[in-house]
Structures are given as C-alpha cells and as structure tokens.
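Two complexes are shown next, each including chain A; its partner changes from chain B in the first to chain C in the second.
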Partner chain A sequence: MQVFVFLTRRLIFAIILMLGVSAAIFFLINAIGNPIELMMAETPGMTGEVIERMKSYYGLDQPPLTRYLLWLGRLLHLDFGTSIVYNQPVGSLILTWGWQTLKIQVPAILIALAIAILFGVTAARRQHSRSDFAVMGTALLGQSLPAFFLGILLIFVFSYTLDWLPSYGAYSTRNPLGGSPTLDALWHMVLPVAMLTFFNTATLTLLMRSNMVDVLKSDFIAAMRASGIPERRVIYVHALRAAFIPMLTYLGLLIGLMLGTAPVTESVFTWPGLGSLYVAAIHQLDYPVIMGASAVIAFMLICTTLLTDVIYVLIDPRISLE
Partner chain B sequence: MTDQTIASHTSRPKPLPKPAKGIWRQGWQRFTRSRTGMLGLVLVMLVVATAVIGPFLAPFDAHDQSPMLDPGAKAPPSWTHWLGTDRMGYDVLSRLIYGAPTALAVGLGAMSIASVIGVLVGGFAGYRGGTTDEVLMRFTDFFLVIPMFVVILAVVRLLGVAIVNTPFESVPYLNLGVIILLIGVFSWAPIARMTRAEFLRLKNQEFVEAARCIGATSGDILFRHILPNALPSLVVIVALGIGGAVLAEAMIGFLGFGDPAAVSWGQLLYFNYEALKVAPWASLSPGLAIFITVLGFNLLADGLTDAFNPRAKV
Partner chain C sequence: MAETAIAPVPEPRQRTSRKPLLSVDGLVKSYPLNRRGLFRQKVTGEIRAVNDISFSLDEGETLSIVGESGCGKTTAARSILHLVPPSSGTIRLGDTDVCATFSRDRRPEVLALRRQMQYVFQDPYLSLNPRWSVRQILSEPLRVHGLVPPAQWDGAVEALLERVGLPAEHADRYPHEFSGGQRQRIGIARALAVEPRLLICDEPVSSLDVSVRAQILNLLAELQEELKLSYLYISHDLSSVRFLSNRIAVMYLGNLVEIGEVDEIFARPGHHYTAALISAIPVPDPARQKPRDAISGEIPSVVKRPSGCVFHTRCPAALPICSRQVPPLAAPDGAHAFACHNPR
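Up next, the complex of A and B:
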C-alpha cells in the first residue's frame, strides 16, 4: 500500500514535470519569434502572402497559448505534426531516427556496465595495489576526455590511419561488408559504440570501485566469509548486489547525459540518429521537428528518473518511503 | 653571528600560542598532499597563463589569414607555424592561444551566474525550510531534468536569426554572451542542492545560535556566518562546473552554433573537422586543449574534495 502511494506520487510529479518542461521548451522557443517568419527570414523572395498562407497551413497564426494547448493535445495522441523540411509526420521521423540512436546507446550502456563491474570489483579487492592505481588513473582521465574528442581520435586512428573501420554513417551505400547488410551495420556500429562505451565506463568504474570498497568492509561480508561461503560467490553475488544499488541513481543520470549530448556524439560519426535529426532541424529551422524531438528527449529523461525511483523501491527494502 | 649571542643574553618572552589554523589553511595543506589536485592546479594555471599572457606572445593575430598565401592552408607544422595552418589559412597555434580567454570567460562567467542563483535559491530553501523549501526544491528538480544542451542549441540558433536587422546585431559578442548566460541559467541546480544541504547542516549549530543571541540580523547570519562555512563544499562543485561549462561551449561550437566573432576551440574543431584526414593537427590540437582544460578543472575538484571533505572519499 505504502509502495503504491509512493509510486503514485512520483508518477504525478513526473507528469507535472513533463508539462513544465514542455511548456518551458515551447515558450522559450516561441518567445524569440514566430517560427515561420524566422524560417522565411533566411529564404529570399518570400512575399507576405505566402508567409501568411504557410502560417495558417501549419497553424502558426494562432496566439502562442492556443498553439501550446493544441500542440499538447495532439501530443497526447502521439501526433507531433508534419516536418516542414521532410514533409513527413514528425512521429515517424522520430521513430526511424530514434531507433538508430538506441542501436548505439543501449549496447554502449550494457558493455560499459559489464566492464565497470569487472574492473571496479578487481580494483576494490586489491585496494591501493598497482592494478587499482591503473584502473583509477584511466578512469579519472576518461572522465575528463570529452566523448566527441575521443570519437575524433578513434576516427583518426582506426579509419584514417589504419583504414580498418568506416568513419561515418550507419551502413554502406553500396557494397556492404561481406555482402551482408547485418554484418555491414554491425561493422559501422563499432566505433560509435566504442566511443560511448569508454565515456560511460569511466565514471561507472570509479563508482563501482568506491561502493565495493565500502561493502567489502561491512560486517555481513565478514560473516559470510567466516561461514565458509566461496569467495567468488560472496563477491559476485552478495557484495555486488549491495554495491550495485547506489549505482542506479547514477545510471539514470548517465542515460540522461547521453541522450542530452546525442546531438554532438552522433555528429562526430554522421550517425543518422535522433541527435543528428535534431541538429539538422535546428540548422534548417524545421520547427515541428525541433519541438517534437526536444519533447521526446525530455520525456525519455523524465521516464528514466521515474524508472530509477521505481526500481530503487522494488529492489532495496531498506529505502524508507517518507 | 652576533644575533645568537645577544639572544642568549636577553630573556625571551614566552612565545604566544599559535592561533589555530583556519579552515582554508588546513585545506590548502591537505590539498598540497593530493597528487591529482596539484596536477589539476598546474594544468589550470597553464590555461590561465595562456589566456592572460598568451595573446602577447602569439606569433600571429587571431584574425590574420596571411598564412593562406605563404605556406597555404592545411600546411603541416613548420618552424614558422609550430602547429601548422588550418583549413581557413589561420595559424593553428595562434588560434589555440586566443581560444583560451574565450574558454575561461565561458567557464567563469557561466559558473558565476550559476553560483549566484544556486546559492540564493539553495540558501533560502535551506534556511527557511518548510513549504518554501519544498517549493524551491521541486523547482530545482525541474532544472535538473531539463535537457539543457538541447534547449541551448535551439535558443542560440533562433536568436541568431531573430536579431538580424535589429540594433542587437551590433552588440559585440552577443552570441557568446547568450551562450554563457544560458549555460549559467541551466547549471545552477546542483549548486542549489549542495547549498541547501550545507545550510540545513549548519543552521542549528552552536555558532549560529550564538550569533543569533547577540542579535545578529538574518542577513548577517546567512552571509557572514553560514555561507563562509558552506563555501568549502561549494568550491568543489563550482570547480567541476567550470570544466562542464567549458565542455558545453566547446560542444555548441563544434556543432556550428558558436559565436562567429569569437575564437573558440569548439569552433576550430567545427571548421577543421572535415579536413581531419589531410590536416589532423588543426582538429587534434583544439581537441587536446579542451581535454587539458576540462581535465585540469576536474582534477582540481578532486584535490579540493581531498582537502575539504576528506571523508567524502574512500
């Protein structure tokens, strides 16, 4: 019952947050000027009549508040409007491009988690040893290495110097690798996934190590060791479970960070994902896409925070529900 | 040599007990023992020195495209052009040096704005408590989840179009100023949370009660008694924030939304990234400059954590 009340409260807060974020994005962008007028300012030879017709076609002749409510109402039906540049429904654009984003982000998170657990646990078990120092040092450096610069370095080394991997795109336009489109797609994923993985691994490893160091000092671990449970089981089952819980908060933040910086990381590899769609839309002032993509990114961020809270409550019985 | 003999004759007054070392001096002592912190300090000083004296030593002016004629664009490093020339015919080393003041202006400017908002919101929430606290913290949560980078890109681009043919067009560095303002406005949330936590911890301590007893005003208590004691924790988070702000501006520049009038490392990357294959020096050196600056501030923050909250780390 208590859990139910807690989750309902979080859900209501998430909905309010979503409304707030969407309103902030909408009014911030609209405060600057009418999107159609701004778009046409860069296109010479547009008469006032054409501009008026375009405004009414895209429903942009209404006052901002009406437009916000209309936009919100259509958003509830998953109708994001029509892209001015592509002349396609924004919803389907977001789906196709968003799939490409997930294709590199999800593997990057999973691989990073595996590496972080492996290295974090190893470093924690041999605290202050040489391997601990090496792991910590690499992670500290990695934390400060901007993901997009790492991507540039990877392209420089593996695409241009060694000529092993493709430097851009999600697939070859002709002659896919080994004649197989699947293999070709995987081949294109290697560098972007490597970049994102390295970026994720650094902080995750540092956190894993410090949580593990704490847990290994606790009494229940000593008790388990004393009762003769195999060391491997103590560490990888019992200690790991306790050390992993605090990482969830960071994992939520990390997913937000990755989505938020997707415009940059995807631009490095000209990866056809949500971030690239967004950057292109901003360059071309494709207003419905700007609004739709930023709303989707904000929605995903809020869902992540909500999900983190829910998982927390479900797996950690020690959490008090206020 | 006579000093000693004289000293031995006169009876020396008993030395006064040394005053207890303050929080800052103690912190500095611990900081000097942190290897990562000292390395960070050295890197940050390097960037600051480049920003302050670099422009006087730079071999070429920031807007001097004359190398376009002599070694030509994308020329490899040589004795005249230590880091080569770039796609637009600029001397890479000079552009790199002129990028340092921009990076620091962004980092310090954005974090000053963020600190003022963060300390005011967090301090007020922590000191007042109750409903004020609840409302302000929900407001802060809102700023924590808003995808700052995505919003800044859209605002900067649209503003760039909107100001054409208006008096704003002639304001120097308006674009850069807007970027600094927006980064600041979207990054105060962590500072507010930290300030709130510190104010909650400090407001019931004895020295605050003592100050209240001798009739100090609320403003006095907040700004002269609580805030100075909360500063050590805030310094850490601000140092981290400076690195983050520099990185954010670099990413905005890299996507081509930077200030066309300013020389910034992100923009150097934007202009030269296409030529990575033929002129790698022009893209790799600004990238390295961003890395060194961000690394410097992150390590500095690490050292400051060692210095001020040694228990926060294992």
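Up next, the complex of A and C:
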C-alpha cells in the first residue's frame, strides 16, 4: 500500500514535469521564428498564396496556444508530426536514427560499468598504492579531457595513421568488411564505443572506488570478516552491493542523458544517430524533428529518474517511502 | 587509594578454572610511517600501536583491557582476531597457533578458528549491515559455518534472539528499527550464532545510553554463566570493568603497564597511571567527593614515543632513571605485575 502511494505520487510528479518540459520545448522553439518565413528568405519566388497554403498545411496559421495543445494531443498518440526536410513521420525517423544511437551508447555503458567495478574495487582494496594512483590518474584524465578531443585522437591513430578502423559512418557503402554486414557494422562501432566507454568509465570508476573505500572501512564488513565469510565473498558480494547503491543515481543519469550527449560523439564520427539527426534538424530548422527528439530525450531522462527512485526503495530498506 | 572512595560494586566473580584459553606473547602491531617523495614513498619510521604485549586468558574468565583512547586496546583486540594482521608475536587459542593458521589460510582451519572467537563491536549502528534484516544478519554466520541445516535457520535465529532478550517476531525487522541497546543485543546474538568460546567485546556499552548499559552488562554476565564463555573486554569505563572482570590489564601508549586481579588493582594500584585512572572514576555521591590524582599534560604522540618508561613525561613520581631505562613488567609481591621504577 505504502509502495503504491509512493509510486502514484512519483508518477504524478513525473507527468507534471513532462508537461512543463513539453511546454518549454514548444514555446522556446516557437520563439525562434516562423519556419515558413525563414524558408521564404531562401526561396524568393514564393507568392503570398503559396505561403498561406503552406502555413495552413503545417497548421502555422493557428495561435501558438492552440498549436501547443494540438501538438501535445498528437504527442500522446505518439504522433510527432511530419518532418519538413525529410517529409517523413518524425516518430519513424527517431526510431531509425535512435536505434543507431543505442547501438553505440548501450554497449559503452555496459562495458564501462564492468571496467569501473573491476578497477574501482581493485583500487579501493589497495588504497594509496601505485595501482590506486594509476587508476585514479587515468580516471581523472578521462573526466577532464574534452570528449571530441579523444575522438579526434582515436581517429588520428587508428584510422589515419594505422588505417585499422573506419573513421566515420555506421557501415561501408560498398565492400562490407569480410563480406559480412554484421561484421562490418561491429567494425564501425569500435571507435565510437571506445570513446564513449572511456568517458563513462572515468566517472563510474572514481565513484566505485570512493564508495568502496568507505564501505570497506565500515564495521559491518569487519563483522563479516570476523564471522569467517571468505574475503572474496565479503568484497564482491556484500561490500559491492552496499557500495553500488550510490552508483545507481549516476547510472540512471547516464542512461537518461544517453541521447542528450549523443550529438558530440556522433558529430566526431559522423554517426547516423539521433544526435546527428538532432543537430541537422537544428541547422535546417526542421522544427517537428527538434521538438519530437527533445520530447523523447526529456521523456527518457524522467523515466530513468523515476526508475532509479523505485530501485532505491526496493534495495534499501532505510529509505522511507514517506 | 581508599577502598571506601569507590562506588559499591558486587562481589568479585570467581574464576571457574585455570586452563589458559588464549595466550598472547609479545604481540606487536606497527604501521609504517611514509613520506611521499616525488616518485616514490620512503618509509621514515613506524607507529607502534601495540608494543610487545603479553597476557593470557583462562577458560571462563574475563580479562579487561583498559586505557585511554588511542592506547592500542582496539588494535590489540583486532590483531588477535586477525582483522588487522599482527606484525609479530604469537597468539594461541587453545592448542591452535592463530597467526600460523591465518597465514596457512586453509579454509576449514580458518573457519574452525573463527568459530571459536567472535567480536562484539563498539558501535551497533555501524556494525550491522543496514540493508539486511535481522534474520539475514543472524543466518549468514550459520550459512558460512554450515553448523545448522538451512531448514533450521529460522528456528536458530529465533532462539538466538530470545537468548539475547529480543522477541523472536522481530527477526524480519531491519537494524534501523531498533534502539541502540537492542542493536547491541543483535550484535551479541550474531557473535553467539557460531557458539564461540571466546568473545572479544570492544567497548560494547560505550556508545549506549547509561540507562541501557547495565542491561547489556547484565546480559553479558548471564551469557558467560550459561555458555561458559571467556571474555576479553575492552573498555575505558572502569566501573563496568570492575563489574564484569576477573582481571585487568592496563595499557598506555601501546604498552601493557599493569596486569592483575581486579580487586588487587583497585585496592593497590602499582603503576601511577593505573592510580590516576582509578581516581578519575566519577563517584555518584557528591558528599563523598575525593581528591583526584590528576595527571598533567597530554598523551605523547605515538610517532615520538618517550624514551625509557613511556609514562615518565606525565608521571608525578618520575625519577631520572625513568627516562633512560624501560621498566620491566614484574610482580614484586607476586600478586600482580606492573612496569614501574618507583612504584607507589
């Protein structure tokens, strides 16, 4: 019952937040200007009649509030409108391009998590040792390097100099690697995934290490050792479980922001993902795409935050549901 | 030290037997003192947290280790349990060489040893995993040691709870739902789960309310009677020490400065530090205020230990020899041993 009340409250809050975000997206983009007038500037031959017809075709002759409510209503039916540039439904565009983004982001988060647990725990067990300093130094470097810089460095070394890996795109236009499209796709994924993994790993490792250092110092871990629980089990089951809880917040944020951070990576590697779609839409003022993609990114973030809260309550009995 | 100046205490507890259960010989725990250079660390010295202490504990007996914070009593206790590996010295539990067993690291031997000695922690808030229910906390040692088949864990957990005076229905609660005294009872139940012979209690009541302390001390006394336990009781609270112990060992700056029967030490402390500790016990009667043998100055740094007798910098009766020569731990009258050149 208590859980139900908690979930309902959180859900209501998430819905209010989503409404606010959608209004912000709509009115901010609306404030940029009327896309038809901007198109007109590029195509001088347009007559008044054509302009009026285009305005009514895209529903731009209505007052902003009406248009917002119409957009919101269609959004609830997962109808994001039609792209001005591609003349395709925005929903299917987001799905196709979004899939490409997930293809590099999800593996990067999973690999980063595995590395962070391994190195974070090792460093924490040997606090102040050389391996601890090596891990921390690398992680700090990862946190402070600008993302695009490492991307360019990777391209320079592995594509330009060594010519081992492709520098752009998600697949070869002709002659896929080894004649296999799957292998070819994986081959193209290596560099973008490597770059994303490096950045995700940095913060995750530092978090893992500091949480683990605290947990390993606590008396309940000493109590487990004193009761004869094997050291491996103490570290990798009990201490890890306790140290992992604060990581969930960051992990939730990472998953939620997956689409939001995509533009940088995808620009560096010319990856045909949601980030590239988003950046192109901004340049071309393809406002249905900008609004649809923004709404999806916000929705993802709100959902993962909600999910993180729920997981927290499920795994930590101390967190009150009040 | 007048006997009447001390709060009334129960009759001294009789030792049940004289078979040594735990014997500690020349225990040292030191930590390297590092100075970090540009590229590497340099070991510039060491901190001796525990400096060559020896004592033994008989079956069914309570030996208390007393001393100020930082005197090394907790480190000594944790070294015995190998929670921090000792630097040197030998520890024997019954017929087992503790250090050798841990360094051989053979699982059945280590488990058998761990089973015999258990630890009760100072802070019951920190020593219980906050995300585990009491049932999980108490069944984990049963699982690790395989003492009871899994089907009987629930029954064993409930029996343990009742043994320490908690209702069996509370097994599915979490530590944060209990008071400090109740949590300490859970900590004791966890230690008892493996049926140990020796319980090392590290200030088990110092983080509790005064009103609850007596309950926990009584519980410990009852359990000792029932289960024939031996206690190594670590405390800076001399009134609780007097209630619970047969013998007292006084530590100062990592050294053992006095050891002997509890009444002997309270009546005739040999070391000036012991005398100062005893005179600092608060008297619960304002009409019977007593003068205190206050010691002046601060505890010296463990990094720069005083030469000779470690206490000479604060001792009211220090002689020139005290700063030059380490006094041996000796028992001049055979009753109890202390390390002092100029005893009281």
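Operating definition for what follows: the second predicted complex is superposed on the first by the 315 of 322 C-alpha atoms of A that agree within 3 Å, B and C clash if a C-alpha of one lies under 4 Å from a C-alpha of the other, contacts with A are read in each partner's own complex, and residues count from 1 in each chain.
Keep in mind that, in the parts below, a contact is a pair of C-beta atoms (placed from the backbone, for glycine too) under 8 Å apart; a residue touches a chain by one contact, two chains touch by 3 or more.
As the structure is a prediction and not an experimental result, all values here were calculated from the model.
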Identify which of chain B and chain C touches the larger number of residues of chain A. B
One more residue to check, A:S218. First (chain B), second (chain C), both or neither? second
For A:D316, is the partner it touches chain B (first), chain C (second), both, or none of the two (neither)? second
Just to be sure I read the superposition right, which of the two partners does A:P288 touch: chain B = first, chain C = second, or both, or neither? neither
Which of the two partners, first being chain B and second being chain C, lies in contact with A:I229: first, second, both, or neither? second
Look at A:P166 in the shared chain and tell me whether it touches chain B only, chain C only, both, or neither; answer first, second, both or neither. neither
Touching A:L259 in the superposition: chain B (first), chain C (second), both, neither? first
Check the residue A:G81 against both partner chains and state whether it touches chain B (first), chain C (second), both, or neither. neither
Touching chain B and also chain C: which chain A residues? none
List the residues on chain A that touch chain C in their complex, please. 218-220, 222-230, 238, 241-242, 315-318
Tell me, which parts of chain A touch chain B in their complex? 13, 17, 20-21, 24-25, 28-29, 32-33, 38, 41-42, 140-141, 143-146, 148-149, 152-153, 155-156, 160, 210, 213-214, 256, 259-261, 263-264, 267, 278-279, 282-283, 285, 290, 293-294, 297-298, 301-302, 305
Write out the stretch or stretches of chain B touching chain A in their complex. 36, 138, 141-142, 145-151, 153-155, 157-159, 161-162, 164, 243, 247, 250-251, 254-257, 269, 273, 276-277, 280, 283-284, 287-288, 290-291, 294-295, 298-299, 302, 313-314
Where on chain C is chain A touching in the complex? 78, 81, 83, 107, 110-111, 114-115, 118-119, 121-123, 126-131, 133, 140-141, 144-145, 174, 176, 187, 190, 193-194
